[in-house]
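There are structures below to look over.
In what follows, chain A forms one complex with chain B and a second complex with chain C.
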Partner chain A sequence: MINALSRYTILFTLTLLVLAVLSFALIYLFPGDPLTNLTGLVPQNDIQREALIRQFKLDQSYPIQFYHYLQQLFLGNWGYSFISGQPLREEIGIAMPATFELSTYAMVMALLIGVPVGCYAGLKSYTVSDYAINTASIFSYSFPVFWLALIFIMLFSLEAGIAPLSGRISLLFEIPNVTGFILIDILLAKNINHGLALIDAARHLVLPTMAIGLISTAAMIRITRRSVIDVMNSPFITAARSRGLSNRQIFMRHILRNALLAILPLMAIQVTTLITNAMIVETLFSWPGIGNWLINAINQRDYPALRIGVLAVSTMVITLTVLIDILNRLIDPSREKFERGTI
Partner chain B sequence: MAQFSLYQEEFHPSPWQKTWREFRSSHIASLGLMILIFFLIFAIFAPLLAPYDPLQQNVNALFIPPSWNVNGTISHLFGTDALGRDLFSRIVYGCRVTLGSSILLVLLAMIVGVAIGTIAGMLQGVRSSVVNHLFDALMAIPTLLIAIVIVAILGTGLVNSMWAITLALTPQFVHHTRSLVRTEMKKEYVLASKLDGANHFQLFFYSILPNMIEMLVVQGTIALSIAVIDVSALGFLNLGARPPLPELGAMLADGMEVAYAAPWTVALPGLTIFLIVLAINIVGDGLRSALRKRLTQ
Partner chain C sequence: MSPVRTFFPVLFSVVAAIVISGCTQSNQDAFYRSGIIYCSESNPINFNPQLDTSGTTSDASSHQIYGRLLDFNPDTGRIEASLASSWMVSDNGLSYEFQLRKGVAFHTTDYFSPTRTFNADDVIFSIDRWRLPSHPYHNVSGGRYAYFESLGIADNIQEVTRINSYRVRITLINRDSSFLANLATDFSVILSEEYAKQLMEKGIPERIDHYPIGTGPFKFQSYRKDHYIRYKRHEDFWRDVPLSERLIYDITPKSSLRLAKLITGECDAIAFPGQTEVEVIRQRDQLELAEKPGLNIGFWAFNTQKKPFDNPDVRRALAFAIDKNTLLEAVYFDSAVRAKTLLPTASWAHQRDADDTAYNPVLARKLLNDAGVPEGFRMTIWAMPVERAYNPNAAKMAELMQRYLADVGIRAEIVTYDWTTFRRHLREGLHDSVLIGWSADSGDPDNFYRPLLSCGAIPSGTNRAMWCNRKYDQLINAALKTEDIEQRKQIYQQVNSLLYEQLPLVPLAHAFRYQAHNASLSGMTINPYGGINFSGVEKKL
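For the complex of A and B:
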């Protein structure tokens, strides 16, 4: 186990190092002045420029520059946004939790609905209800997320007027940003009507979460169903049945545990899809998340922001994936390597 | 004269024929295949099928509703958009751009992925471990991020977004090829070829590749459905195809500005993307269950 953990750690650090090298290379690959791409500051005259170059060690060789760059990353000096002039760390600190919150709720929805429905479909495999569930899931799995979100906006916001069109919460509520998670922030905030604020935030949340969650739920149903069917065909289920266990006992003791084991590694792939979908949907609902922020950055050619934003998101996604893999390894040490399984 | 018959069956279907038979026995899968072929015909014969030039603007025919609407005309089957361009022609060409470019980039990702995956699978020790885990990590990076970086460096355009998606799809093929090569290399028939003096190239082309094709077809359909969604998503976000080009996602983004006045300019391109992806997913599902049934028999 220690062996495996240390191997994961080494590979994780290696991957992050590769990502850091790539983002360092972007300083020179992006169009424009490397100094501006690195710092987000535009020097006013030659003297200031010389000083900045010396400060950021751009006159040194590439390895030393990279070492300095890494140091600055760890210290939290991520440079300034080209457009707003704000420190990038603060901007990402606000945008990242918003995306994370949206993805978390969608994932919870996928787990709460997808796993039970998938189990049901797997247990009733090759019957009418299984076919119905399977068809519904393949339909919702095929929706392009941006079109689904547009349909939701048209149906629920414009026609029915049930849910608001954009943003996280009505401007009437003043919520100080503490954790970045809107629902937790509301509970922490003072001098507001918590009930009303929560209802308003939930109404803002429901459409984007539904749009992302529907696709993830469909994927989760398919994964769970396949895994349950695979487990049901294995010999130990026949053995359990011949021992006279009831269906309920077989399901709770043997099927569910083994089926859930196989689902976990597949969640690692789902994380990537989920965050991509969240980033796309954010742009439609003007959700102040990292996807919206990155798209704005590219439309305004804000290169320092792009460099750090891409690094931050890929670090988050890879950390989540590796964590799920390690968790998977902890639960099921017999697994030699993480497998990606089938749907 | 009665013939002497040694075998019970005269005709032995090949594995492919067996798979095809299983695939055909599922009605849903056959229907999906038909829809997919329908869209492929759209993509290949677009210039013959489209009644109008997809870029031709007509000031006298702005916002004509689809023909099933009371105000629609049959001369514009799906109506026209904000610039008077015929929507049906644009969708037909859109299938060509979206589906065609997706197929191309999946093939490219497949070739590159199989090449790298085979090398990674035949490598051993620390080198293989590093290559494998790096690619697994790269697999986790969303396409959108790669696309954003490439667009920032090279500028927007369909071809640039295609590079981004190819880059994002390749690690999957690497992963599956590598694990397949790994397991196949341990089998006896490969050992037999090795004892016959086959070198690595012969081993790959004559022994392993024929066993890989099924996996490649199944993975290819999965990758194709991801590619279609990604191409149109990047077009929709203005990171891919530029507006005059009839790409389905870009058309959707175009229609969004007039969505309230002309909902069909949003509904129909989106529906087309949905149907293409659905057909690909159904065919992929059918293929997988056909293969599974064949293997369990």
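For the complex of A and C:
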């Protein structure tokens, strides 16, 4: 286990280092003044410029600059947005949890619906209900997520008027940003009607969560179904059956556990897709998350924001992937012997 | 599986809270009725319209946060009393005395508590800030006062004197018949002198433009770029009008998204519905569309400081090369009238029989040949990236013009940037030609002629043609020397023929102004003289 953990640590650090080098290179690769690309500040005169260059060590050699850059990254001095003039760490600190929240609910939806339905389809494999579920899941898996989101907006927001189409909550509510998760922030907020605010937030959540969740659910159904079928065909199920265990016992004790074990690593892959989908969907629903924020940064050519934004998103994805992988190993130590750390 | 374990409790508590709280329909209605949400089109640059001529900035501040000495009556266009309860003009037209209203309270907010009400010091401070380069606040936040610079008002004021706490005299150097109108525009707002003093002592003077204090119906609460601006009702507003408890600007740059939000009820009112969207709004019963002929002009300006656009014949040739009527149909969808001069029909000085260029590509090519502009000549058309009433779709218009110009052998390239950068580069004069326009701030013709084409308006960045003509400046100055409307009209006719001869810009259209809102809002009117105004607007569900 220690071996594996150290392998992961090295891999993780190295990947982050490469990313940091890349984002550092962007300072020089982006058009315009490297000083502005790095800090997001536009010096007003030569004296100020000199001072900033000295402060950010831009007059030194590249390795020293990079070392200083890393230091600043760790200290949380990520520079300022070129357009809004706000500290980037603050902006990302607001945008990132919003995306994370959306992905989490979609994931919860995928698990709550995908796993039971997938199990059912697997147990009833090659029957009519299995074919029906399978067809439906392949059908919904093949929707491009942005198209699905647009269809939802058209049907549920514009035509039926059931759900709102933008933002996290009506702006009439003033919810201070504490955790970045809107539902938790509502519960923490004072002087508001919590029930009303929660209903409002839930109505805002429904469509984007459905849009992302539907695709993840479809994937989850297929993964679970496959895994259940595989487990059902293994010899220990036959053995259990011959010992006279009931179907229910077989399913709870043997099939479910073993099937879920196989699902976990596949979930790691799903997380990346999920976050990507969330980033796409949030631009359509004006969800104030990191994807929306990055698109704005691209549109406005906000280079400092782009540089840090890309670094932050990739760091988040890598961290999640590694964490889930480590979790896999904790649950299923048998894998340790055969596999190397992967990302 | 960790996310599941963490978020089950959350999900559970959410559901539980919803069930427990059992909110009734009536308090829900009361809550949603308490605030107005307005979907605005862009981010304001700051909260002081003295510093910026863009409509976005003045929409977000002039009529919400601030008050002015005088106001325009939205129906008649006449000047009426506001923070000045009465005024007197001396016989020679050089001295104006204002009696100030007593007991007008400034906003009390988290960041400022006023100890006194509005008085003469505030008026003097507000005017001196843009007027005197030596004023301690003059250079705060950039020190450019585009509107006042473009009109040259600062240089024309000799002094602003305090007679007593509630009486102020402004003395002019030259007669200016549009002076009062200028004091009633969105830009002539009254700031708090007491607040300014406090900030100066703390060493943070620039906060005055970002955490504003005024006497207007709403006080500033918070602003998050690209997201929202929040205001609260000013309880001690001096006018007795109904005010909504809260006012929120939901910043939504996409026009189609604004319309969608209006339909779903996420916005109560929206800025600048697109011309194509007007029909959709008309068809819906729960939405209302207000429409007025606007005091605006959309035009195509040439950078007259660049070759070959310094040659009036080249400009004339290019004007002949485009078919204005087609542009009007394709871009404005019958919601605009063809412009012959700078002045729209709603202005009293509008000249109906003014000369206008006609579509004539053959003549255009001939003029270009005579001026030595070869076939295949390249130029840029800058198309502004935002929708404005005066030009709802500059990019589309630019594409059409590209086609027309290709017919006369000119290869036009379309250039666009985000709005802030766009205007900065325009001021630097990097363009060959630009599609842009102007919304007037008062009904006075000087409000069109001076900012758009006078020499003084080049540095302030409103003269997009970068055109400077002595005779033109003399004429528009002469027009201000007289109060006689007939005489002024005649002078403006001379100005029109001079412009037709020189053609520093091609007037294209005067667009109608639209404003759409939910039928539950009562009291929404279009103010033809400037920005949107939410005082007196109420929401009834």
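Keep in mind that, in the parts below, the second predicted complex is superposed on the first by the 335 of 343 C-alpha atoms of A that agree within 3 Å, B and C clash if a C-alpha of one lies under 4 Å from a C-alpha of the other, contacts with A are read in each partner's own complex, and residues count from 1 in each chain.
The definition used in the following text is that contacts are C-beta pairs under 8 Å (C-beta built on N, C-alpha and C of every residue); 3 or more make two chains touch, one makes a residue touch a chain.
From a predicted model like this one, the values you see are computed outputs, not experimental measurements.
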item	value
Partners on chain A (chain B, chain C) - clash or fit	fit
First, second, both or neither for A:Cys119, with chain B first and chain C second	neither
Partner chain in contact with A:Leu165 - chain B first, chain C second, else both or neither	second
If touched residues of chain A are counted for chain B and for chain C, the larger one	B
Vertex chain A, arms to chain B and chain C (CA centres, degrees, nearest 10)	100
Chain B versus chain C as contact partner of A:Leu183, first or second or both or neither	second
Partner chain(s) touched by A:Leu207 [first = chain B, second = chain C, both, neither]	neither
Contacts of A:Gln86 with chain B and chain C, given as first, second, both or neither	second
First (chain B), second (chain C), both or neither touched by A:Ala95	neither
Which superposed partner A:Phe143 touches (first chain B, second chain C, both, neither)	first
Partner chain(s) touched by A:Leu29 [first = chain B, second = chain C, both, neither]	first
After fitting on chain A: smallest Cα gap, chain B-chain C, Å	6
Chain B/chain C common contact set on chain A	158, 299, 301
Chain A partner contacts - residues on chain C that touch it in the complex	1-4, 7, 10-11, 13-14, 17-18, 20-23, 27-28, 31-32, 34-35, 37, 225-228, 230, 246, 248, 250, 252, 257, 260-261, 263-266, 418, 420-421
Chain A residues within the chain C interface of the complex	83-84, 86, 104-105, 107-108, 111, 153, 157-158, 161, 164-167, 170-172, 174, 181, 183-184, 187, 193-196, 198-199, 202, 264, 286, 288, 296, 299-301, 327
Residues of chain A touching chain B in the complex	7, 11, 14-15, 18, 26, 29-31, 135, 138-139, 141-147, 150-151, 154, 158, 268-269, 271-272, 275-276, 279-280, 283, 291, 294-295, 298-299, 301, 303, 306, 310, 313-314, 317-318, 321-322, 339-340, 342-343
Contact footprint of chain A on chain B as seen in their complex	28, 129-130, 133-134, 137, 139-145, 148-149, 151-153, 175-176, 179, 225, 229, 232-233, 236-239, 249, 252, 256, 259-260, 263, 266, 270, 273-274, 277-278, 281-282, 285, 288
